[in-house]
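The following pair of complexes shares a single chain, chain A, combined with chain B in the former and chain C in the latter.
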Partner chain A sequence: MAIKFKALSYIYNKDMPYAHKALDHIDLEITEGVITAIIGETGSGKSTLVEHLNALLLPSEGSLEILDYELAADKKVRFLKPLRKDVGLVFQFSEYQLFEETILKDVTFGPLNFGYSPEEATQRAKDALALLNIPEELYEKSPLEISGGQKRRVAIAGIIACDPKIIVLDEPTAGLDPKGAKQLIELFIDMNRTLHKTVILVTHDNEMVYNYADETVLLHQGKVVYHGPTLKLFNDKKMTEEYRLLEPQIVTFRNLLIEKGFKLTDEARTLDKLAEEIRKQLK
Partner chain B sequence: MNNLVFGKYIPIDSFMHRLDPRAKLIGLFVMIFAIFLPKSWWAFLAIGVLVLLALISAKIGIRMIVQSFKPMIMMMIFLLVINALTVKTGDILFTYGTFALYSDALYNTLFVIVRLLLMISLTTLLTATTKPLDLTLAIEWLLKPLEIVKFPTYEVALMVSIALRFIPTIIEETIRIMNAQKSRGVDFENGNLSSKISSILSLIVPLFSVAFERAYELADAMEARGYVPGAERTRYHILRFHLRDFFYIFICIAALAFSIFTRIYL
Partner chain C sequence: MSLIEVKNVYYAYNENSVAIDDVSFSLEEGTYTTVIGHNGSGKSTLAKMIAGLLEIQKGSITINGLAVNAENIARIRRDLGIVFQNPDNQFIGSTVRDDIAFGLENKLVAVENTERIIEEYAAKVGLSDHLDYEPQNLSGGQKQRVAIAGIMAMKPKIIIFDEATSMLDPKGKKEIKQLMYQLAEEEITVISITHDIEEVMQSDNCIVLNKGKLFMQDKPEKVFADAEKLRKINLDIPFVMQVKEVFRNKKIKLKANDLKGMAEELWRLNSKR
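On to the complex of A and B.
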């Protein structure tokens, strides 16, 4: 188990007249090495849940195990740095975290904080930047001068360079063009498949969830209402109707094709795979 | 930072919330005089009861008021020390070596503290029950007479309301950037001087760039919606005085009258 929530609740503005329970007795186990999507309407508690994974918020009630660390209500945390190194959080609009004079320095910032030697940190930064397709001639440029999409990739490189075991992404593709978004998400899928990183994807984009996530957690008003295989959730008409989940286009398309006599499986969950299955039958 | 109490609006409905912001602002000014004039405990008792009634009718809870006192504790201690060292009148309460504590020192300090506590309660009451934007409307209204001398009332009020409007946004932004940097291993609480400076930089630089970006966006948005500086404008929200507003101001004036009375006759 990579992450285990045990009856965890979080209350904003506790003891104030306008206290708000954002997470309500969450019991949840996130499996190591898989891609888990966390979905739910705005205000369902997704971000609150994610902030617990880096001890940015501590549980009001209950507890949370992440790898070998345990967070509990009213317990002082002594392992902030190692925890934050092992769990890399890529925030929404992560480009706003850039601040150093040069791109290379900015990406080196995280690894240096987590105790890598300067040489090692620079090497990690260069590897991460290369992984994210940032050309070498940009390394000495200011991170505030490059395009929005590049900024996002530099910011993400800053997290990858710390070599986290778990990567948490909060709307990583918001505001990116479709091609850039696809490249980015496939990079994380690749990191999951080859380096066996646990990937947690927080998003509103059901297409992305359906295409890539092995498992899905559905939050509703601070409670977990579904946790299991992604395909099962979107095949469950009762669930999708009750929680008003938008059917992924690929499902709609596939169902229309099935009506017309094609024999297609659930495995055709990305456009490429669907095309492949169709091609086989046309031969 | 989310626990900042002073100046925070509490979005509930109560008698105090429904009052006209202008009435509340005038009431506050009147009460400032009522609090600082008297030298008798009777006046403080009367004002204290009124403040308590106002707090109860605002439904914001004593707990919050007590929390807003917390930042003042250091100042109170400081006051007590200064008074103890300088005031040499009244009875001697005790001596320690060459130092003697006089009763007037305690008495004066207590006086100032009571005044401060009443003031803080009243201002917290105002900000907790009045939306910042309503407050600027009230300030604008009070500044109206200055238009005769070509004082740009509306522009000033707009500047104040934009500033107020963006405080929570900037706080939110600050928390977001702090969280992002914490995730990258920045420790904002501990560390030596050079790491402190670098951690502050990692917060300030993005914050500035966000603030400027927002400012440009806001200016564009305002122009796109036809904002012309200095143009005559109508309001969506029109403030109207009700009976309860006059009642509230009347009570404040009565309190002032009572404290003037105690100042002269008691």
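On to the complex of A and C.
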């Protein structure tokens, strides 16, 4: 099992005047069982990259090995359904994808489509809805009647209910309020820590990347320019300057404290943990 | 009289969901107002009521002395533009040029003038070189700039931004925010619904909504002075205040108001021991 991009390129509008190479010879192996952030400016190829993960896009050149599947240029794909069951893709503003008459039906659609029996599919849907804190009294409501934050969670429940091995999230918290965003991200952290799901997070929020992502992939003009531990990237002044990465405020604060003489471990990447390590040194 | 006067307005989507409940405030011409509040606090509903996109069920809104209602709406819309959150949902033309032209044509601007106006406003938003681009070849930030150019070309007095930067990357956000500040300098009245603390700090005036009610209206420094109060209604607070709060929970009181000062304070505490 692997998630391995091999010399993969993707060209939009191939052979047309507006042809545009969005991914340029990507060689990348994403580590399983960890949380990987994919960052880079708009147009750097982030969405194009993740859309390959469940074959929404097929490589123009090169190939992608994912789990037991292989996607390659000019090769017919025969395993779309199992691949899409195993790789759950949560789009930006996923709430726009709700379509069923009731919330429960909407979430049941995925597992039913992937071959679970109606009873099993319903059970999975209910479990996923519970995990996302959607109260039971909403199950029979129309997805159009609930708030934006709830809609987002219902859409995500639809993916979780299919029990994917890999969860890919494209800007999952955009437009949510701080509390809603925190709850949602902590749910994915928990799914990674307890269920060992591989989580791939596409985001512009470097604060979130620093707090939660074990590893980071930095894309620039369709190429991978960094792949490794998140902390190492943000500690590398040369990289952050060259690619104009916004320094997370917690990094600024960490550096000020270290300059003063405090000792901070790599674990101190959330404000809570950082304050705890400082408190211990004050005792 | 203020440019915009909102008096005791009320809006409910149905009997169980009251979105705006007895809200009153007034906004002066040429000011930059940010509206904050958690999801579901009624921010977008309020913006749509001001723009006449939702009917006012109780109370009243007047713009430039004119009541916002079915009778006056065509008149009011001439003075008011709105930029929405999703850049993909508001592109009408097949190119940047067509998109900016759309509003002008509706306004029956003489054909011989449209080209000049389009070029003027494309230049204002920095898209002079992109007039023949199609929407799929533009970034989110560029699409939002096209939307803004289209609205500016109509010469409105008021522009409402409904989370116009929330789907953009940091670079796009920055571009749009700069453009918004620039509008305010040109005496356009800006109302911006946002989650962006940095933007709120730059505004003249901040309205905080909570559960459909007006929670606070004040200068941004004053609004953020009481972090505890904001946290109670589930609002984001500036990083410096988060630091203070986290340490306070660990029984360490910090007085400084900047990161450097706090690092020094902590180090002094350390040296004392």
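We adopt the following convention: the second predicted complex is superposed on the first by the 280 of 283 C-alpha atoms of A that agree within 3 Å, B and C clash if a C-alpha of one lies under 4 Å from a C-alpha of the other, contacts with A are read in each partner's own complex, and residues count from 1 in each chain.
Note that in this section a residue touches a chain if its C-beta (ideal position, glycine included) is under 8 Å from a C-beta of that chain, and two chains touch if they have at least 3 such contacts.
Quantities reported herein were computed from a predicted structural model and do not represent experimental measurements.
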| item | value |
| --- | --- |
| Fit-or-clash call for chain B and chain C when the two complexes are aligned on chain A | clash |
| Which superposed partner A:Leu195 touches (first chain B, second chain C, both, neither) | neither |
| Partner chain in contact with A:Phe114 - chain B first, chain C second, else both or neither | first |
| Greater chain A contact set [chain C / chain B] | C |
| Chain B versus chain C as contact partner of A:Ala130, first or second or both or neither | neither |
| Contacts of A:Ala19 with chain B and chain C, given as first, second, both or neither | neither |
| Chain B versus chain C as contact partner of A:Gly88, first or second or both or neither | first |
| Overlapping segment of chain B (options 78-86, 204-212, 222-230 or 258-266) - the one that collides with chain C in the superposed model | 222-230 |
| Residues of chain A contacting chain B in one complex and chain C in the other | 18 |
| Residue ranges of chain A in contact with chain C within the complex | 18, 20, 41-43, 92-93, 147-149, 171, 174-180, 204, 246, 249-250, 252-253, 256-257, 259-262, 271-272, 275-276, 278-279, 281-283 |
| Chain A - residues contacting chain B, complex | 12-13, 15-18, 51, 54, 56, 80-81, 84-85, 88-89, 91, 94, 96-99, 109-110, 112-114, 144, 158-159, 162 |
| Complex interface listing, chain B residues touching chain A | 2, 10-12, 59-61, 63-64, 173, 176-177, 179-187, 201-202, 204-206, 209-210 |
| Chain A contact footprint on chain C (complex, rising order) | 38-40, 85-86, 137, 139-141, 163, 166-172, 195, 234-236, 239, 242-243, 246-247, 249-250, 252, 259-260, 262-264, 266-267, 269-270, 273 |
